[in-house]
Each structure stands twice: as C-alpha cells, then as structure tokens.
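Shared between the two complexes below is subunit A, which pairs with subunit B and subunit C, respectively.
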Partner chain A sequence: MSTAAPLAAPIVALTEAAKHFGPVRALDGVSLSIFPGDCLGLVGHNGAGKSTLVNVVNGGLAPTSGSVAFPASGAATALAAGVRSVFQELSLCPNLTVAENLRISHSALKGMNWRAPARAEIRAALDRVFPGHGIDADAPVDTLSIAQRQMVEIAIGFAPRGTEARLVILDEPTSSLDAGIADQLLTHIKRFCAGGGAVIFISHMLGEIFEVATRILVMKDGKVVAEKPAGGFTRQGLVDAMGHVATEAAAAQAARLPGDEVVRTPEGLRARRGEIVGLSGLAGHGQAEALARIYLGATSSWRSPREAGMVFVAGDRGRDGVLPLWSILRNASISILPQIARRGMVDRTREAEIVAEWKKRIGIRTEDVTNPILSLSGGNQQKVLFARALASAAPVVVMDDPMRGVDVGTKQDVYAMIRAEAAKGRIFLWYSTETEEVCQCDRVFVFRNGEISAELTGDAINEERILEASFEMEGA
Partner chain B sequence: MRIFARYRILLPVVSLAVVLAATFYMQPRAMSYFGINLLFNLAVPIALATIAQMMIIMVNDIDLSLGAFVSLVACITATFLSDSPMLGVLILLALVLCYAALGAVIHALDLPAIVVTLGMSFVWGGLALFILPSPGGASPGWLRALMTVKPPYIPMAVCASVIIALVTHLLVIRSGIGTVLRGVGGNARSVERAGWPVVRLKALAYGLAGLFGVFAGMALVGLTTSADANIALRYTLLSIAGVILGGGEFTGGKVSPVGAVIGALTLTLAASFLSFLRLSPDWQIGAQGAILILVLTARLLFTRRDAEA
Partner chain C sequence: MKLIQKPWLWSWLAAAAAFALTVALTEGRGAGELAYAALSFGAFAAIVGLGQMLVITLGPGNVDLSIPATMTLSGTLALKAMGSDPGTAWMGLGVALLVGLGTGLANFALIFLLRLPPIIATLAASLVYQSLAIWSNRGLRIKPPAGLADFATGRSFGIPNVALVGLGLSILIWLLLERSVWGRWLLASGQNLRAARLAGVPVEAVRAATYVAVTVFAAIAGYLLASFSGGAALNMGAEYLLMSIAVVVIGGTSIAGGMSNVPGVWGASLFMFLVVSMLNSYGAGAGVRMVLTGLIIIGIVIAASTRRIPR
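Right, the complex of A and B next:
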C-alpha cells in the first residue's frame, strides 16, 4: 500500500469539492488526488483559496458540495487517514511543554506513564527533521523562540503519533525559519516522500517549491488554474500562472543624498532620513528585540508626544497587529485617529476617506471596508497593517518581518511603496528573514547573538556577506 | 533571583513560610499539633474551593458563583444529606452535572463566563435561601468524624491539604487528560484541530470544578456543624486570590494545583496572623489585599528580571 507506484490508491481524493462562505466562493470545484510519494507544491496569491483547500483536505471545513475521500486508508476522517497539518500561524499551546504538546495530538498515549514515551517520540521526531536542533522536550513552549516553535510544530506533524503520517500539509513552514533550518526541512520532505509519504507544500518562496515539489498546483480565485509536474514550469511561467507579472527586483537604487541621522541606538544602529535600513541575520538573534526597544522607547513612555514619531508594522499579526473584533476600516484608521479628530471626536467622514484612499493605493481586496478584519486573507490583513502605518505622518516606520506569508505580487507592490515613501524622507527599519527583502535596503545591520556583527551598505549587501556575518563566529 | 521565575512554585512556598514564621513569632504556642490544626482547619474547604476555581481559570474562564455554590452545597449537606443521604447525594450529583452543563453552554454559545456565573450566583444563592432560610441544619455524623479525625503526628488540616495537592497535581499536571485541559486554556484552537471535542473538555473542566465545589461545601459543614445560606460568599474572591497567589495566571492555562493549595493556606493564615497582630477586623480585608498585592508585585518583578536576563 505504501509503495510509490502511480497505480496505488490515492491518500486523499477530492471530487469537485467546493466551499462557499455566503456569496464568496472560496473554493470553486476542485478535483485533486494525492498519491503516496507525491510532494505537491501549492502556490497562488493571497486569497486564492489555498487555505480553504487545505482545510477541506484536513477536515477542518466540510465542503459545501463535492466530496473528500481517503481511499488508501479507507478511513472516514482526515485524522484517521493520517492527514496532518502544520499551520502558518503558530498553533501550539504555549503553556505546555514540548512533550505535552505532542500529547495533545497523540491520543494513543494513554495511562499515567505517558511522559517518557512522549519525550522519546518528540525527541526522535525533532532529531529526524532538524538534526542538532537543541530543543529540550521538557521546555515550556513559551520559552522557545518563534523559529523553535515552528520547528516543534513541524516535528509534531511528522511524528508517528500512534499511527503513521501519510500526508503532511505544510502551510508556509519556512516563513520564520532561517535558511539553514529551512534546508533541513526540505531535505526531510524529500526523504519523507521517497519513503511513501505525501506532502502538500505551500510557500511563497518559489525557490523552495521548485526544490522539493514533484507536482505544482497553481490556484487562483478558488480554482486550480494549472497543474503540472514541477519540471513543466519555469519560475516566470509559475508567476504568470498565478496572475501576477513579477517585476525583477528593482535594481534602480536611486543614489540619494544621505539625510540627517534620525535614529541612533547605543548598540550602534543608525538610520538617516530617507533610508531603508535592514536588520538581518539568523532568525531569533535579537533583531525583533532591538526593534521593540527602539519602538517602545520612542512611543510608549508616559511623556511621549501625542503625535507618534514612529509607527510599527507587525509580522506576528495575531499577537501584535490585528484588532480581531474590529472592521477593516477601524483597524486601518487607528493610527491616525488623533490627527483627524475634531475637538476630541473622531471625524468619521475623513476617516472613511483616508481609508478608502489607502484601500485603493495598497490594493486591499475587499468589497466593503466595514467588513470584519478577519474576513480577509492573511496577506490582505497584512496590507491593512501597512495602510495603518503608512497613513500616519510618522517619519519612522518600524517593520518586524512584515512579509510573512505575503504573496509575490503583493511583495512587489509593497517594495515599490516603501521605496516611494522613503524617497519622501521616511525612514524604514526593516527586520526580515528573507535575503531578497534585505537586499532592497540601503543599509543592513546583521545581528548575531543579540549584537550587531556587521554593517553593510550599497553593493556589499548580498546574500554571501550577510550569511558570512551571521555565521562568522558560530564555528569558533 | 532567576530561580523564582524558573520555578514558579517557589514564590508561593516562600510566602507561606514567611507568614508562618511571622505567626509563630507572634504566637509561639501555635507551634503545636493542636495549634497548627486550629490555624489551618478552615483552610481545607478554602483549598478545595480554590482548586474548583483553578479548574475554571485553567480553561480561561472565571467563576463568580463559586461562593454562592459552596454555600448552597453547605445548606444541602446540612439538611438533605444529613436527613436522607440518598436524596442528598443525588442532589449534589445533579449540581455537579449542572456545572458541567454550564461549561458546555458557555462554550457552545460563546458566552462570557464572567456574566453567566455572576447570574448563576443569584440562582445558587436563591436556592440556598429556599432550602435553609435561617442558619441551622446539622452535619452528618460521618462527615463530622472525618473532619475532626486526629491522625498521629500530623494534624488533619495538613494531611488533607497534602492529599488535595497530590491528587489534583496528578489529575491536572501529570495525567494526559489534565494536560489536554490545560491545552484548552493555552490554545483551544490547536486542541480542537487535534481532534478533541472542546465542548466536552470544557464541560469536564466545569464538572470537575463543580465536584471540588461540592467537596468544599461538605468539608465546611463538617467543620462548622451547621450551615447558612451566606456561609461561604467570600470564597469567590478568596479562591481567585488563592489561584493567583499560587502562581496561576488568569489566562493561558497556566495553573498550579500545589500552588493553589498553598495559596489558600497562605490566605487563611494571613487572616489569623492579622488577628494575632490585634488588628481590628475592619482592617483585615484590606490587609489581606495588601499581602496579595505584595506577593504579586514580587512575582512580577522576578518574571520581569528574568525576561531581561
């Protein structure tokens, strides 16, 4: 049964599966079979229906019409069929230890003495996927870094958990991992598929898709618009199929006169007017903390001025960004309320005007900005957070890995917007885990162990130099 | 000092030790089998109520009806359970199921627990007044015997506290189902995705709270030998304070049963200590609050320092 022969029964088979949310056709009749040994790369821009497809496959959503079956195992539910999901937003219980989190999704661990086997299993799973991970099975999850949590989540996805993982769905698994760890994951995915497992791999990093996927499925507006073996696509062809014309990374870095120095921190971080300053290095080496110190120091003191000099774009939307109960409008306008208030009362008309303008400029895909923010896909929520920050008059914009889970087209739009805003004299402090983004910057500080290990400018900003500065001392 | 942040149980233990040392310093005669039992025996129902509250806080809710519920149980214990035990047991069982159903309803309809339990507190209070309009009733003989038992060397109150702490530690921290319940507090969505019926888990947590609430009411009647519809109203706030004092947090499923029991002991002892100081009872509630704020401040300082380190 677990042979990779093409005639084996599919692990999961969708026939004309559709899912409607009211009038919205999030999934519009998709037929798909996943066989043992398949590694399916799933691409599409934000709101194309990838998450809905995943949720229909893993049983999180029942299809409005069509059917989902698990022929290989004959099981009725996705869980019993060995379908596992690792979600984009972190979904561990932070109050429990690593081993206890395994217990949550491992109902076969029974009796009073379940701890030792749970520890052994999660250790083995972590060792298999991420050799040399250095994560303690008894550490509470809230003491781990975001990257480590993501690693634990992935390991739990691949762990046997009493049965056997047949199909593991990875939704943007590498978004908070640095390159070395991401490579370990890709290697493991190949090994897993060679052994008769199957993977659905969702990523906005096309390089990763091409590296692991055997088949690539392109989605657009709830439909599958292209499905071919990975070799049948070129990078450009893939981007075109998604419906975006990718502009090659803007090479025209207009030589600008350096402005006055506005930001300066004791650890040596400096930024001038009109500059885009990148914070780079391996994930979890103090970049986010440095940003938080700068931002909170400037805005959150008792005597901070009413008109904030800095605004913040969150990367961890659920934790730092979105106000989940509010509408898109309110979420976007909160940063400008003091400026547009008249005698302490919010000017509703101006608020609506400003948000409508930003909706157009930044391309938030919604019919009505009074819809709740959670009705948007992840990438569009992120656009709202950009709108919130850019709508204010603040000269400094702090961005904490803001492109997590944002599609290629949106990224290009945002890059252009950042360039344009910087040209007007704004300063961007930009932490990113992706080298491509860091290369958009005028000046890059590479962090290692909470300290700045290198400052790069101009032509010196390239992947090689950044990696060099991230690793230099680690071997010693 | 990072040790306090790493081992959250240490701070409750140290708080108890400090208050205990101060009490013994003020009143050395309390340092005896009889003295300790006297100091702590009223802590047993409070500890049970604190555990009940902890079960609710564990799943990110809060129970404002606990005091009224314990009073109602006390009234039933002093009347029905003592006159016709079968009927009494059935009523108490029904109350536990009521609590479980409340948990299910709160989850299924996505109601705020704070409002529902506040409303239920009036229901419980009304029922208690209905059953026992004026103070009275009698404790069942076996219950009285159980609560006044004199084990060798170690006083009943200490024995009972240790047993409560051990049993609930096994149940909540060590057992698989306890871990899943704490997971509901930590991240209910991930528990749901793993295939657990969260509504049943919430019902279980509330049912456990009801069960420990029933134990608390029974223990209280065993000590006081009679009941009153308002006998345990202050348990609501005492139990919440006990959970927090014991290292628990209001959200996120971070609870410690051992800490909760120690918190309950500390709060009871603090009241006696203030009496030994000859502080007027008018000031005692305020002074208890001050102790609570002191401990919480200490905890905050330690965790903050740890975060910086």
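Right, the complex of A and C next:
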C-alpha cells in the first residue's frame, strides 16, 4: 500500500487492526497507512465498519488485536499525533457558545481571559473553511441551524488548537450542508491536503468522494474489499465493490393522474393525492420549520385518532426521532399503537408481526428486534424511523431531510418504496438538502429566507433552476 | 436481563438487610409483628410513591410536591363528609377521589396554561390546598366511621388490608405501564417529549392524565391514612413529601425519565420503614437516626445507579 510519497513517514499506520464486540467483528483485520497529503475516501454500507475504523484511528476504541502507530510524529496517542475527528452525530454542547465549544477540545486555553483567544481562533477557522459563513462566535449553539452547527464542528476540527491538525477525519460532513457550503468544504479539504495535511472523508455521496479523494477505500463486513487511487474506480464500479445491486434510478415513473389537492398552506405550499412534493433551497431557509408547522398543525397534542392523518420522518434522529431507552420493536411501533390496540391494551402479537414484516421490507440489519435501538448504526436507526412512519396508514408523510447518513443502496430501496407508496395515493412532503433527491419529486418548492421563491414541476425540476431560485437577488 | 441488573433488586436487598439486622437484635422474636408493621406503614408510602413514579417518568423537571397537602385535604374533607356516620365509607372515598381529581386538574392547569415549572406550580398550589384543609377542619378531630376504621387497621389472610389495597393499585399501574397504549405513550414522552409528539403521541393528554393520577393516588392514601390513624391531622402528609420521591429513586426508577419500576417502589417503601425501626431498636437518637437514614439512602441510590450503567 505505497501510494503516496514514499519518503515521508505515514501519519498513522494500522497493522491488522481488528475490533470485536462480543461475537460481532466490527473491524476484521485492516492494514492501512495514511501519508501527508493523502485524502482517503472511505465508502461502504451502513454497518460496514467505517465508524469503527475511524474510532480505532482516533483512539476512541482500542483495537482487540493488531496495532495502531503514528510514525510521522512518533506520538503515542492519536490526540498528540494531531488526529482530529468530526462526527456525523453532532457532538457540540448546545448550551455553550461557539467559542466555548472550541475550548472543550482545546485545553491550552487557560487563565481569566480565555474567551478572547477562543473567539479569535474559531473565527479564523470558520473564515478559512467557510468564507462568508455569518456565524457569530458568541452565539449559543442551540440558536444555530443544524447546518451551522455542522460548520462549527468542522471548523473546530481544522482549528490549530495549540498544536496542528495533521489528520482530520470527516464522517458524513456534508449530509446536512447545502451544495454551496459543501463546495467550500471540499475546496478547503483540497487546500489542506495540498499543504501536507491528510483527510479521511466518509460520505455516501459518491460525487463528492470522486471530487476530493486521492485514494478510495471500500469497506464491507469489517474488511477492506478494495483500495485504489480515485481514478481507478468508476461510479458503477464503486457501487459494485460495496456489494449492493444498485438498481438504476427507475426512470419508469408511472404516469399518474393528478388527484385532489389535500395539503394547502398559507405560504402557498400545495400537494395533491399521490404526489411527491419536494422542499428545496439552501439549508436553513425555513423548510424544516414549514414542515414542522404543517405536521404540528395537522395533528393534536391532546388526542390521537385511530388512523393518523399525517406522520413524520425525522432527519435529526437524536432530537426528533429516536426513543433511546427502547428496543427497535417499540421504536418502530409507537405510531401505530392506537391502530392495533384492543380496549386500550397493546396487541403484542400483531405488533411483533407488523414490525417483523417491516424489518424484512426495509432491511433493518439486526438479529433480533428486541435489541436496543442504540445498538444499530445511524443508517439502520433511520430505517426504523421510516418503518415507523410507513407502517401507519396515514395519507400524508412528512419527511425532514430523512436520508442523512443512509447508504447508497438503502437510498435506492427507500426511493422505490416512496414511489410505490405514492402510486397508492399517499402524499410525501420531502425536504432534502440533496439535489439528486429533490429531482425525484413531482413538484418542488424552493425556499429562500423562509418563503417560497419558486414552484417547479416536471422537466423544470433540475439543479440549475433550483440553484437559481435559491440564490436569486442574493449574489447581485 | 440477568437478576443482578434488575434495578429493583437493590431496594429489596436493602429492605431484607434492615429486616434481618433488626430481627437479629431480638433473636428472632417479633419478626412477624415487624413484617406486619412494615407492610402497613409501607403501603402508604408505596401508594403515594406509585403516583410520584408516574410523574417522574415524564422526564426531568416533572415532580409533584402537592402530595402532602392533597393527602391532608382529602383526609380532612372525606372525614368531615362522613361525619363518623356508619355506612358512609364509599361516599367518603368518592369525596377523596374528587379532591384528588380537582387538585390534579388544578396543578396541570397551572403547569399548562401558565407554563410554570411543575416544581413551582405544585408547591404553590399545595399552599392553597393546605389552607383549604385548615379552613374546613378548624381544629376538629372527627373520627372515621367504625367500619372503615376497622377495615383500615384490619387484616385479611394475615396481610394488612391497606397493603392489599396498595398491592391492587400496584398491579393496576404495572399493567397500564407494561401493556397499555397509555403506558407506552407515557414512557415515550419521558424519553424524548419532542420525538414522542412527532411520532403522534398526544403528549399533553398524557401529561394531564399523569398529573391527575398522582393526586388521585395521594388522595386515596390520605383517605386510608386518616381512617387508619383515627382521624385527619393537618400535618399527616408532611413526611410523604420526601418519602414519595425517595421510594421512587431508591426503587430504581430513572430520574432522567422514560423508565418506571413498580416492584422497586414496594421494596423501597418497606426499606424506608424498616431502616427507621432498625435504628430505633439499636437505640440511636433522633439526630443520629436522620443522619444515618440520609447516608443509607445515598448509598442505595449509588449502588442502584452504578449497577444500571452497563445496559
């Protein structure tokens, strides 16, 4: 595995590193060296072992066997070797300000007036990665949008923090960022690697991987199944290597007769029976709020009808979706309880049947649905949330950017399922930060500054028109 | 799940240890009487504890501090309504239940309409309930009807009647939590209120029902306690403020919400009585007794919570 400059010592070198959780071989003997200047793209399905590999590299987990060394710096720990991680599950403290969050991972900031250098450092880091970000260093994190939080987290990852970042691990960094911001990040990654840094970049968006990665590593079942320079893969070849039979995005979209208008909001959002309606635009321009208003307006905090009229698929799993103390089974069945209850008591046989069926249909990777929900990887947790919503008979399904952290194969499965359900007359209101997903919709509303700036249908739905409507008047 | 991971185990072990230590002093004499007294007095703590457990399950910040005042008000008004006349026991129970319903609705109205934190709302409201009790009682001590007093102090199958009532209520709560849709909704709301609401749970209805349930349980306990002790007293609920919270926490219910534990409440209620009798029989003075009780409670809570971390 000598792909980069042979003269330099690797920043991190793994030798047959393995990590077992009981009988589960999350990482099954991986050897890997990362050199200065490398940008390693890491791809694989949910549960392929990507997160475990990352945690072994950054010192979060000790390998069960094999070794992890940091030859370039000679340091004993990942922290001292300048290895930084930015996680897909946001790890900022919401009650602290942006600058105070930097301090948490920057122990050299001491003394009475530590806030001033913290502010200066985080400002500089944000300016470097995301020019024109508009984030106040004194803003409490819980007042920021999810995209802004992700930007702060990335900036903290690249900030010098007393030493110097040598290897930055980015786990799904762009999943909550819109295209413009994601481009800024990709540009920064290229600059950072050109300056002798290294990056491990995990993404389910293959376009981004091809854009920044110098090398691509494909993982499956805890093993590295392919590793080549980025030029050595084609898009299809990469999907095949991951081991999923990717069905080409079915172009055969059944021609549907437009049904009755079911949803109509004061701001002008409309949806007919059987329609997939997209909400697009730059992240944080009021799409999520519009969806929450629609959902909370259509359902009640006081009564729960036997047949729900609307269901919600959360994208921010920790905040809006997962019930962390419960099993997969109970998480999946919470929305259909009134439907399957007899005299107020849960019919547990039917509950188990329905969940077992959805486990199979949507492919939740678990031996036993009575396992805790938190034993699943992020993407599989998301599948449980999909099952929760789709198992109900609700005619309207509201989806708040639900594909974050979901792998390519599953995405295709879920797209197909959404199309099939829409063909049966269901309405989907779908907010997404990914243009590819928005292009699956029958009708798209583009949001700008909390208002609808354009309504696109049919052939008018394309990246160009969406970007145009997102930025109009802004750039000028 | 292995036995050692059961969160209720610790309260039962502690109760058994306190029992054994007390009986050891008397070399086995009086064991039956001690168990009988523990079941009688523990029943009142268990009944109010079950209600408090439901509220604490709603998640951080949820607690009902109006339990003592509700107990006093329900005992006072029920005994006044019955006026020691025979055959009025069911009517008195009805009055007590109405008091519980009323105070619960009033508490939740303050929490929901005025957006007061539950700790403030229930504490402030309890001043009103206590004042109502003082105003209606006017220093009178009315005896309960003879039949009711006999029931409250009597036994069936060798078990105190009040403990049987408590047991019945516990089974009811257990069934609700484990098997009913409402129980699922309560547990979901306690884990993540926002996620529960977005999953279609009628969270405000769940909260309202829970705040009414706790005062109804307190009212039943007040009615039984007044009948048991031969009349209502204005301070009769005082010790149940700390007691109701302590039995929930020692019993292994998560203070973070979303997880209830019915058997633990019983173990803890028995323990709270037994630890005081144990210290009494070893001749500890009042001051020492309180300090030791506090230290023992802290120890049990630590043992119960550290055991639960590796889930």
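Keep this in mind: the second predicted complex is superposed on the first by the 464 of 476 C-alpha atoms of A that agree within 3 Å, B and C clash if a C-alpha of one lies under 4 Å from a C-alpha of the other, contacts with A are read in each partner's own complex, and residues count from 1 in each chain.
To be clear about the criterion, a contact is a pair of C-beta atoms (placed from the backbone, for glycine too) under 8 Å apart; a residue touches a chain by one contact, two chains touch by 3 or more.
Keep in mind that what you see is a predicted model, and the values were worked out from it rather than measured.
*Asks:* Subunit A superposed: clash or fit between subunit B and subunit C?
*Replies:* Clash - subunit B and subunit C, as placed by superposing on subunit A, overlap.
*Asks:* With the two complexes superposed on chain A, say which partner A:L79 touches: subunit B (first), subunit C (second), both, or neither.
*Replies:* Touch status of A:L79: first partner only.
*Asks:* With both structures fitted on chain A, tell me whether subunit B or subunit C touches more of subunit A's residues.
*Replies:* C
*Asks:* If you stack the two complexes on chain A, which partner ends up touching A:G60: first (subunit B), second (subunit C), both, or neither?
*Replies:* In the superposed model, A:G60 contacts subunit B only, not subunit C.
*Asks:* Just to be sure I read the superposition right, which of the two partners does A:P94 touch: subunit B = first, subunit C = second, or both, or neither?
*Replies:* Touch status of A:P94: first partner only.
*Asks:* Regarding the shared-chain residue A:K424, is it in contact with subunit B (first), subunit C (second), both, or neither?
*Replies:* Touch status of A:K424: no partner.
*Asks:* Pick one for A:S107: touches subunit B only (first), subunit C only (second), both, or neither.
*Replies:* first
*Asks:* Would you check which partner chain A:D320 touches, where first means subunit B only, second means subunit C only, and both and neither mean what they say?
*Replies:* In the superposition, A:D320 touches subunit C alone.
*Asks:* Common interface residues of subunit A with subunit B and subunit C?
*Replies:* Of subunit A, no residue contacts subunit B in one complex and subunit C in the other.
*Asks:* Across the complex, what residues on subunit A touch subunit B?
*Replies:* Those residues of subunit A that touch subunit B are 60, 77, 79, 85, 87, 91-96, 100-101, 103-105, 107, 109-112, 114-115.
*Asks:* Within their complex, state which residues of subunit A touch subunit C.
*Replies:* Residue list for subunit A touching subunit C: 295-296, 299-304, 308, 311-312, 314, 319-326, 330, 334-335, 337-338, 341, 344-346, 348, 372, 388, 392.
*Asks:* Where on subunit B does subunit A make contact in their complex?
*Replies:* My answer: residues 170, 174-176, 179-180, 182-183, 185-187, 189-191, 193-196, 252-254.
*Asks:* Help me check something: in the complex, which residues belonging to subunit C touch subunit A?
*Replies:* Touch list, subunit C to subunit A: 179-182, 184-185, 187-188, 191-192, 194-205, 254, 258-259, 311.
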